[in-house]
Amino acid sequence: MIQTEIGYTTPDTISVRGKNLATELLGHIDFVDMIIFVFYGRLPDPREKAMLNLLLVLTTDHGLTPSAVSARLTYLGAPEALQGAVAAGLLGAGSVFLGNAQNVAEMLRDGAASLSDESSDEAILLRAKELVHEAKAKKSRIVGLGHNIHVDGDPRIPVLIAQSKAHGFFGKHWRLLLAVEQVLSESRRKKLPINAGGGVGAIMAEMNLDPLLGRGVALIGRCAGLIAHVAEERDRPIGLELWDLILQQDPRNVLPE
Amino acid sequence: MIQTEIGYTTPDTISVRGKNLATELLGHIDFVDMIIFVFYGRLPDPREKAMLNLLLVLTTDHGLTPSAVSARLTYLGAPEALQGAVAAGLLGAGSVFLGNAQNVAEMLRDGAASLSDESSDEAILLRAKELVHEAKAKKSRIVGLGHNIHVDGDPRIPVLIAQSKAHGFFGKHWRLLLAVEQVLSESRRKKLPINAGGGVGAIMAEMNLDPLLGRGVALIGRCAGLIAHVAEERDRPIGLELWDLILQQDPRNVLPE
Amino acid sequence: MIQTEIGYTTPDTISVRGKNLATELLGHIDFVDMIIFVFYGRLPDPREKAMLNLLLVLTTDHGLTPSAVSARLTYLGAPEALQGAVAAGLLGAGSVFLGNAQNVAEMLRDGAASLSDESSDEAILLRAKELVHEAKAKKSRIVGLGHNIHVDGDPRIPVLIAQSKAHGFFGKHWRLLLAVEQVLSESRRKKLPINAGGGVGAIMAEMNLDPLLGRGVALIGRCAGLIAHVAEERDRPIGLELWDLILQQDPRNVLPE
Amino acid sequence: MIQTEIGYTTPDTISVRGKNLATELLGHIDFVDMIIFVFYGRLPDPREKAMLNLLLVLTTDHGLTPSAVSARLTYLGAPEALQGAVAAGLLGAGSVFLGNAQNVAEMLRDGAASLSDESSDEAILLRAKELVHEAKAKKSRIVGLGHNIHVDGDPRIPVLIAQSKAHGFFGKHWRLLLAVEQVLSESRRKKLPINAGGGVGAIMAEMNLDPLLGRGVALIGRCAGLIAHVAEERDRPIGLELWDLILQQDPRNVLPE
């Protein structure tokens, strides 16, 4: 039968995961509860909720990122369609930026399957070396490390680690990711720091949440940031100046005086 | 100068609206605070926050809507790109479904400009009649009313009204929308009920928030619902059956046995 | 009944507009034929086909436009999904850039309804003045004129006009648009030249094609350009440099040395 | 330097791949020429052009596919934004449907690297067995085979093969794909036919074109089909009926009478 467990509708009710949206959910739970409720059909516990808020706030905005610039340039051509500008911004949340939390969570979940939270530091380090070795052999990239701006360490990572410890979500996945950072930084003789996607992925794995939800959380968070960028673009536009700036980099382009 | 007031970055800080993301925002504010903070540079007050949670929960999901079906059908072809499936689902949030809160908020803000919260019922009704008359003259459609399923009244509207009253956001905009509902229902001799987009739009206008944020809230909320649909599609797929079901409606299509 | 006139499928045939795709279309018609065939169920005549090729070539690419930049920045985060980068680039084809041919074609079709190809220059000019006057009264913008780079005249317009004349598609719509250009340029005492979207829109109206197809042609053409940009971005990336360049405009952003 | 080889702009010229768009390209080359010209900076030869037309016509439309349905459902909510509906339809062109030509072309290019067009049938078959074996070992899926409707063979494949032979593009890649089809069909004791994406991928590999352009061609072609679907949805809508049809599959959904 073609049906979803997520919900159904009649002329006088809307049911989401078995609850009446109007009378049992509206005004009874908040949005972060709802994110987990619509996904899993259960409410988050307070520790999960604190961590989810952390991850959503984390991913909301970081200034003129590629996703914010794409949204603004899209708005320039189609100001009648906020949803198009937001979609353009979200489409960059793939395996490299913003969406890579999913890939990190999958890597850590699979990579740490043979470990436990009580594994020794040596066992963790050994496993990290294996993962780096396997990636080299397959010519694949270890995800979740490296940043073009925060080259000496992403300032958000210490906070994510402290909060993870405070809420009981610092275990084998975080330890494995930190060991991978150590192994890679030593072999390159240059810090290759864990990035925000790495941190979000580690936390999703620690919380035993679906890796897909790791990319999902980044999409929800960034959605809020992009809406703010579009509103600012409407009120104090920079899109045309961005276009000019980009063209001016190539002397063959000539702009009118 | 090409810059955004939303934020900037240095190797060791990320600033959002003048606050240090790592040390002043992460763990200090929750995501609903952040939605308002990134947009306006201020925190919501408790009443605003309660209403925003209401609107976000409201728009998260309603089962197999067009946006959920688009996301699932997109995932079918491109399972490697959650962001594409979510974008496909959000792109339908335009002036007719899901995104129409923006249009309703604009209509009520402009339409009620000459009214006050203390205006008499007669004055409100008169203004409603004018709006309906103007729309007819311009052959434009009054937005925020009518629903293909909830034909006798959207079950969410009474809750939205009760919560608006409880939090002090029931004024001239809600009253004008209810009057428009009355005028249109009488002229058609058939109930034309306020729909969810109508309710969200009225609340955005009452809260004096940017109409764009009305569509924005729907995008953020629905983002969460779409992620749940994609996860379910991955685990218990219905996309291929949906495709078959649609083809079977036209007897010229013949499927293999 | 839920069906489309566009086509149907059986285990051993695919029918498009009543023709067998495998045996009657593949190898028998070319893609520009197919664009018209799938839309109208008929083939274009040679003059239409020449004009469509012109419009498709016209819209394919103009260097680092907002749509090309959005596609490149999207690819940066999600290199596994070409379709996402292309979609991000196309989403800017709205009422202002790239997609405005649709709006121009609608304006000229409606605006010239009372005219004929034989109308006198005076009648055309009078109608242009009325249109400008109506737009001012409604505080709406006349679309299809003005360009941020080609301020003294878009170099493509004389070619479009010459080709339109050569193929018998220079009539009241082109003349009305040129008259609007004259009226607006005189009232502003500064040239406000017809832009490419204006030219495409005029031609769609002259050819009596669906205005929606005007925006559609721009989407098909630009699709080809965006694919070239993504391929170049993969081979000789500039996305990260673009990001840095944009950040460097605001001295509060500090990049690593 | 931040620049693209694709083109640049001055107030009175637009240059694409070194040619003046207005005076050297418009009216001088057709759109299929332009697809190759903007990508490679050269024109296609007649055999390439014939094949590209074939592939573009092939991918344009197949009735109510997932991409057409997504576009129609998106238009339902946002009729003001054709580009959004088209983008929603294109976003499904990933590794499974429509976009898989890219993945097939990559597989055949790499898989046939050790073969030549003169390799014996035995050598080709041996390589096919290796590929199937490797895929099993890596638990990955061989792409380009299998179809939910054309279970006994896709009717387009014989035409694609005949045309490939006629134009001199039937070599080791086509032969390897046919051998893979044979190996897989024998091991499953059930035909697992080459699908359209498989055929497009084989042809891209035979023509030595960029695999990315394989997915690109599908995007350009389908773009034309989606525009036709949106126009039909505007004129003879089926979107709301589709929504009802889908809801009716689950008896918990109740629609008004």
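Letters A, B, C and D mark the chains in the order given here, with residues in each chain numbered from 1 onward.
Everything that follows uses one rule, which is that contacts are C-beta pairs under 8 Å (C-beta built on N, C-alpha and C of every residue); 3 or more make two chains touch, one makes a residue touch a chain.
Quick caveat, the model's predicted, so the values are computed rather than measured.
Between A-D and A-C, more contacting C-beta pairs join the chains of A-C. For the self-contact between chain B and chain C, the two sides draw on mostly identical residue numbers; the shared fraction is above half.
Annotation: 23 Å between the Cα-based centres of chain A and chain B.
The distance from the centre of chain A to the centre of chain D, each centre being the mean of the chain's C-alpha atoms, comes to 30 Å. Chain centres here are Cα means. That of chain A falls 35 Å from that of chain C.
Contact of a single residue of chain D with at least two other chains is seen at positions 2-4, 8-11, 15, 63-64, 78, 80-81, 83-84, 87, 91-94, 99, 149, 151-152, 242, 245-247, 249-250, 253, 255-256. Chain contact summary for the complex, chain A toward chain B: residues 2-16, 21-23, 25-27, 29-32, 34-35, 38-39, 50, 52-54, 56-58, 60-64, 68, 81-84, 86-87, 90-94, 99, 102, 149-153, 155-156, 158-160, 163, 210, 212-213, 215-216, 219-221, 223-225, 227-232, 234, 236, 238, 241-242, 245. Chain contact summary for the complex, chain C toward chain B: residues 1-4, 8-11, 15, 78, 80-81, 83-84, 87, 246-247, 249-250, 252-256.
Per the touch definition, chain C reaches chain A in the complex via residues 63-67, 69-70, 73-81, 84-85, 87-88, 91-99, 148-149, 151-152, 239-240, 242-247, 249-250, 253, 255-256.
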